[in-house]
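The structure appears below as structure tokens.
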């Protein structure tokens, strides 16, 4: 049991725990916090995978900005306990079992997938070589320049949309 | 034993953490004293005076008081979060300090640098990450105590922090472009050898943006809307009492320290001395400074102090004397340089904080927001743009 | 070399005029419209004059002068340029078109003075000139076809100029549709030509044709097929049998239009086309024969109809048809030069006849029926004299232009390389009848005592701007033929020697040789070497004159000397009379044969069955089905987001199962 | 030894499944949003893991884009949520079902 494995299992368990909490929690804000928990643990996993920059971005943007927005909205709308209405039939009889099935299935699939095979014969194990942020940015700003610009436009539009909606709210 | 040999990182880090915590705690405690004193003098008062000489024991007394106060928890509150919030705020605030290098990495024990706990090569990003999480302490506090003033305070703080975090980050990017590195050591090294190369000169605009955003980020005057006494009784920590309140309090000061450290590192050359290497006399500065303090304390003891205070101040003078003397030992002298300069600069920034608090009035909330979005953000953006352009041009 | 390098100017001017008058002219005063309309045409006329001058400087190598402007259509191997070319033939046509249309424009300023839509009329006229010039100058079949259809459009627009008159609009439609029948063949001909020669440029086609041998008259070779198809277009456009029916109705249009389009220029496009494509025709004897046959028949047939027409313009219309027949007869006989020559002279005297008729109608206040005229000789002398000269010309009285041209055609028919006695006879009788009905027209109109209501109608001579063109044309129609005069005495024919290079090029040599040996050397490029067999020539040139004089005398007898004889004759051959009087019931025949069945089919089959039952049924059916399905399916959309989510999950699971299965299989 | 890739993938699969379940289960619009975020995170984890397995940077770049898109989505989505809440006085998706046949 090496240090990375310990860290992995610690974070993995935390993440799953957080996800489950997200489901069972009745207060939206609890769900939000559990989601943050998931994100942070994922960030740690990213570190373990040597993706430092992504880890940082994960926390800064996801946990630090997006989730803050969520919390903010929850506080603003003072969203209390969600009332328990019965699931729609579809959801109850089809959705839930299927969801679990999907979960298991994907797990199984990944486990047996090509990658899994590579694991089996020892290769493909994670060598903790940290990806330098420089290379990443090179990739981002040279090969993926156009998508990058596209996303920036997307963000701009999102801002406009949000502003418009807010204005109409008044 | 071999465990230690294998995981020297863990052992050394643990030791460093303990030491740092002790130092920082005391620093926090005395920072309150420092602030009260300075503000008092700005307002031409004496400030804390009676508990110990010059009120030097005041922090201790406050600590006691906090510990022995009754810990009230509002019945309607959300227990878990109510407890969680202050711990979150405080722990995160302290965590950030782990990334700060107080001295050059060349000074090592067991192959581990002494003056920094976590030496990451994207330290800056991590620092921002942690600070960005810091919001939740305040927000949750506001939410969980389930009454209207805290809620408003929480709302305000979350909105405000998110808004100013953007310009905070942007204002720093200019420096990153100049330093061409994310790691604090890299950034600091890029500012050697002397005061002429500090980033503050090239990045003056960025620095102003940074300092403004930083003050807002730490909820200090004039941006302390979340705890505006005159509007919301005490903002997000209205319902908090005793030690939980103390935690928020200390978290705020810790954040101040962090931000000051960051400013020092980014713009003022961190632990670098402002003078060129060749001036060897600067090695004596720490010791001499401490000795001067000791001298002043001694004079004060003899001149003004009466009764118990006299003894206390004498002790202080003695301590300062010992410290100064030890700083003059040739072996210690080079080691102490880095921290000396670093702490001095940080101290100046803290003084600036207090000074501003003593001087400026508080913003109105809408002013705050429009200032953040309509002035600060564009300016820092333009700054970033211009910097990038200039760098490209110069590179050509 | 200016105009040679800028041929487009000649085209552009009328188009410009049309655009200006058509778009802006409506609110302009008449003088402005006149300036634009006449100015543009006269300028392009001057351009043509300049062109002739410069053209004369060119050496034989540079002819035909070819200018390529830009690639117009390019689809795979099919490529059409916007290119113009000029040779002697083109020059003649250019001259005729611009000259006559200029005069007609001037005439119109007087004739249309009191009509509405003044600017519209002139813009139509200019547009027509533009298209006609395009047709004439085009260097490839497709561009020629553009002009071809363009003039068709203009003719449609101008026939229906008074679009409030039902008869006018129907006449326009009739003209357009009937012509379209021929154009269908024309189009196929073009495509066939492209298929055969891999190009539509005249030059390229002719180069590919020139090595080809003459096709046998038995069976239809490719050349014959192309020629016949193209000739179908000519039949429609030039109102030959059996598609001539539209031209008489076209007289519904204003008289200047009849003069310009339906006498002088457009209807002769067919002749021009045949002449232009002569390398093909001269290698397709069968097609040649068909052309000649159709021409001769038409010439005779419509002449007979002309005898009994009472509407002055109808008479002229039928005479136009028969004259065109003569031109085709000439071309069919291989005497393209003669055909074109007759085309020119005909443009003069027939244009003049129409304009004069217009002047007459103008004088008697819109009356067109000759039975209500008479005795106008003194009242409108200028019109009378000009019309008389034109009549003499068309009747082929020696010395007048018509005589020379018609004579050459009959000569070709009688003594040419392809000589055919039957056709020659038809032409001859036709000539006689022509002079008969033409003089009948003159006598009925200008002689005898007035049969119109003298109280009501104030007969007055037309204004100057109408008379001047009449006089000019009259001069032309007198002297226009003299260029060919020496030919009669075996000398050289200037006109023919002028256009000779065109028709000499790409000539099918062996045929000519063989024909010459057969025709005793009376070659169609006649007049270049003195004709050895004068008496043959006399034999074929004498009869037309006699016929013409006979016709004159008959007309005089029936109309002046003994009008009662006419009625008696009518009573005796009553059946024939009614038959001819009703134009052989051709219109009724067509109506019975084609139009009614077509109407029935389109009403009952296409409309009530296919459109209403099948197509509409299909459309409504689809709509119905989709509505039903929508009604069933919409329950799925419950509006509950989580249900949707469930559907998504189901889909995802299915997809993953699929992937898994595929992976298992592999 | 260090951690096999498949562990990460399994973890991300589990998280994704949980996200789906949350999406189906929860009634509160905001929470449903969070479920979406959760799924996105799971996918990100898979991306990073693959990127690491094959030493390809593209995976990381994609994570970057995913985060950006998520940010945009959250901004607009939450704005919508606020308007809905103001208009309908409820955050329950069951109540927001006007858009149907």
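All chains are identified by letter, namely A, B, C and D, in their written order; residue positions are counted from 1 within each chain.
Methods note: a residue touches a chain if its C-beta (ideal position, glycine included) is under 8 Å from a C-beta of that chain, and two chains touch if they have at least 3 such contacts.
This is a predicted model, so every value here is computed, not measured.
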item: Pair exhibiting more inter-chain C-beta contacts, C-D or A-D; value: A-D
item: Middle chain, criterion being Cα centroid separation; value: D
item: Separation of chain C from chain D, taking each centre as the mean of its C-alpha atoms, in whole Å; value: 78
item: Centroid distance [mean C-alpha coordinates] between chain C and chain A, Å; value: 82
item: Centroid distance [mean C-alpha coordinates] between chain D and chain A, Å; value: 6
item: Where chain B and chain D are represented by their mean Cα positions, the distance between them in whole Å; value: 36
item: Junction residues of chain A - those touching two or more other chains; value: 53, 57, 65, 69, 74, 76, 87-88, 91, 95, 99, 102, 106, 109, 113
item: Overlap residues in chain D, where contacts from two or more other chains coincide; value: 20, 24, 27, 94
item: Footprint of chain B on chain A - complex, ascending; value: 27, 29-30, 33, 36, 40, 43, 52-53, 55-57, 59-60, 63-65, 68-69, 71-72, 74-76, 78, 130, 133
item: For the chain C and chain D complex, residues of the former touching the latter; value: 634-635, 637-642, 645-646, 649, 652
item: Chain A partner contacts - residues on chain B that touch it in the complex; value: 78, 80-81, 120-122, 125-126, 128-130, 132-133, 135-136, 139-140, 142-143, 151, 154-155, 158-159, 161-162, 165, 169, 182
item: Contact footprint of chain A on chain D as seen in their complex; value: 1-22, 24-28, 30-31, 33-35, 37-38, 41, 44-45, 48-53, 55, 57-58, 60-61, 63-65, 67-76, 78-83, 85-86, 91-92, 94
item: Complex contacts: residues of chain D adjacent to chain C; value: 20, 23-24, 27, 32, 93-94, 96-101
